[in-house]
């Protein structure tokens, strides 16, 4: 009944994402080398986990190229700092429709819908300790695009992750996604206890007001581990919110480009800022080994 | 600060829906005549509003046939009981994919994606006092199908409804849908104050636990009117929940087939049951004229 | 995560209380015989538990006279209907001060502060299956009087109840009272799992809005049994609220005199009304034997 | 609907309190000079408001001596840093009973119950910009003592404060206290909009879990100003919690003695720590002039 604040907090740095942010800040890393270096800097600043997407090194547009994932993975495993690797498996579930009067045929440029095996191929190849599973379908952010992950697709991808021994981090963008995550655990597709990221303030998913956040937190099973973040300008506020509610935190350039008004951030700076808030609140930052022990993860050796 | 219970409650009866329930209960109306008669019986039992879909009269499968909507509309307008007519505009936004390994081409049988004008055509023709606007995209219920309403589609359909003078009832199946509803009002697409239905317990939208429900209720603007329902066995429980939280109620065979364990219900019986709970709690049932006055609706004369 | 509605609900009828309501309704029972008869009628209407205070048979003013408690107890045990007996132990903790400029000496007429043993004497004598323990100190209702139960007093009274084998029903009038109840269980003064009544809308305790109610419900340990009521005109609304939140219900003339506007109620009528709401919501009413089994109570034989 | 975080936050430093903490830390100020100096240091560290009690300079036990209040007031007004002065009016409402078997006569050593005029005398004399009004009666903290403020006493004291032009800061230790605060405003005893401090985690008032906190926040009227704190080890966590929920913050030795495990804090250090958290979250610290403007306070000139 007293405050269930988390006193042993891990920080995930979401290094680059797949938004079209690469031209809005010089700090958004594009090439595998840049992504790995930014992740390593974040780890040195205090992140126990780095969550990575890959991009085309030239244009910076999001990519699913296996070679890029491999290079990021190897560079991070070879680094002189230890960190838990978390790769996205969110790519390959995007639809943009033709127009409001003619939805089909879909807009090819904005559509990337592939099968489960292809969506998980880089996970099978790289074997990160964690990979994400976007646990539902919704209108995603300002663009008129649909993030599409049907129940059938989630069962297929989730089972592949479980079979690979890679821990899925469930991304819950609204209350219904968390509900379905519990269904996946109930069906045995995902192991229990599960790991969930509460993704707040992503249009048009759950807004980041505290009533909605607490409704989600109250629905996370007691033995699961959760983390939370808010998209955009409330990123640092949610560092505090998640710790207060008993969770871990995620910061990074995937979700927010700014250190403060007018000042573009690096990933390391965002992690440092989070460390300051967390320690100021009286909690401790835990490192990658503690995270592995808590979540039952096995570190892969560098090749 | 005391309980904000609604003391003047209107009941919407959701008469038939578009689920494949027609073979699970003999009381699910199929033909326009059956649908109108069931709606009229519900009105006589106390429903101020009837929410209607149409079906193929033979097979009972869901339909968007304009002639059926017209017949339902005329029969209800010609009835010897007054009631507010609410027609669905939810049809025409369905996608079922090919398979988890090959999402495209889509499954034709489970896909019905049409343009905004076509989705609203029967509304323009029948001019009901209210029509629904499903305010988002999500995995819908047990079948592996996606209810697809992108922001662009919702802006287009919402504007058409506003231009027609038909009040949109926003269907919010999760917290993000309510957020986007507020965006539509902010953009001027929908008039303020708006009317919203909180749709609880529809897999995989917002679960129907009270914490999630209150998070949604706390996010409804003070001057809006809301109603709420829960899918399935908690239908009657949510009659109480919504009135307690300050809202109106929806019951009917679209959402629940059962009066009690082992006893299939008629729409009129479900409305009667709701009347009993509401009056038992000390609130009053209001009729169609009061609803029109509260919501600023104009009744269309029979042709 | 779905609604945690209680499907097996017991009703407590709070038969007469100790408020100065006896002149405001002819149905408020005064004499032990009237109180027992009203309780028995409530049991016949569906109450599994009757919660009784006693009053001076002539004036109707609240009393702590042992003979009255005995008579009520014996009449109820001798009745031709089975019911769980719940006696108040709330009397004897009242202070009314002299004036705002001279609090001391206290106002004798409004003050009744006695020791723990005296407050529990009738419990030791009558051995009801349940007795109440008002779990805190607060300004109570409109009169300028303080309901006074210090931690030390609650430890002393609670231990006596535990030693007597009488199940304490913890009365939590605000969130802090529930917190202290958990402290009493933690200290071993009360057995776990405990039984708690969430008393909503009693000025100046917890208001009966649903946010406050849910905050209290969320703080009841999972294995405890709870019931809830709201004082006054929201009594029937809270029948629904408590069942929805997973609890049991309390109605009766102690908390509310009215069946509807302008119609004074009897206890049996209030119970019948509650039965209708609960069954309408799809839950079942359980009887005294089931309550005894659930709570581990032992029925005392009539003398 | 997005997070209602407060971006312009004022910090109150609660300098010394009236708890028996003076022997547990060398930094708890005792004499008027020490109290004023510690308050001034807190103001220099970023507190816009200092909340002061006074103590016997030798023993450090709590005092209501007018001379001490005057000296504190004058020293703070004469300081080379501007700060809003907030004096307690919480003293003089304490009862400790004789024993659980004989509550009366009360324990003289633990009892200090005086009239409204005497409780407000130092406020009338010193005319601070703000004074506190503990808005209810409850078992207070670990000692078996009752903080006693009846509705009548609160009406009398509140009216005196309003008449003096001193802004009452309502101390709400549980949900019912906030309810009564709204009653005082409704009755016209206190001006609207009011200023309220949500006091979390004080045994046996509202616990400091976030569900309870949000229930209280949801019940603060939109146009009021609120601040919040948690007693003890969650003090810094609540700096974040209150800002997230739209409020201001209070830190200081009255509520918490520790900077971190094993390190006793000064008031200035606690304020600095709070500044770091607030600025890290992306909010701004406002000063005394901005607070005066926001709350309509008038600064008294030094004598």
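Read from first to last, the chains carry the letters A, B, C and D; within each, the first residue is number 1.
Heads up, the rule we're going with is that a contact is a pair of C-beta atoms (placed from the backbone, for glycine too) under 8 Å apart; a residue touches a chain by one contact, two chains touch by 3 or more.
In this text, all values refer to a predicted model and were calculated from it rather than measured experimentally.
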Of all chains, the one whose CA centroid lies most distant from that of chain B is D
Residue numbers at the chain A-chain B contact, same meaning over half shared and different meaning under half, come out as same
Between chain B and chain C, the Cα-mean centres are separated in Å by 41
Chain B to chain D, mean C-alpha position gap in Å, rounds to 50
In whole angstrom, the CA-centroid distance of chain A from chain B equals 35
By the touch definition above, chain A meets two or more other chains at residues 1, 179, 207, 209, 211, 214, 218-219
Counting only contacts in the complex, chain D reaches chain A at residues 1-5, 201, 207-211, 214, 217-218, 230, 233-234, 236-237, 239-241, 243-245, 260, 273, 276-277, 280-282
Contacts from chain B onto chain A in the complex sit at residues 97, 99-104, 113-117, 136-139, 144-146, 148-153, 155-156, 173-177, 179-180, 183, 203-207, 209, 211-212, 214-215, 218-219
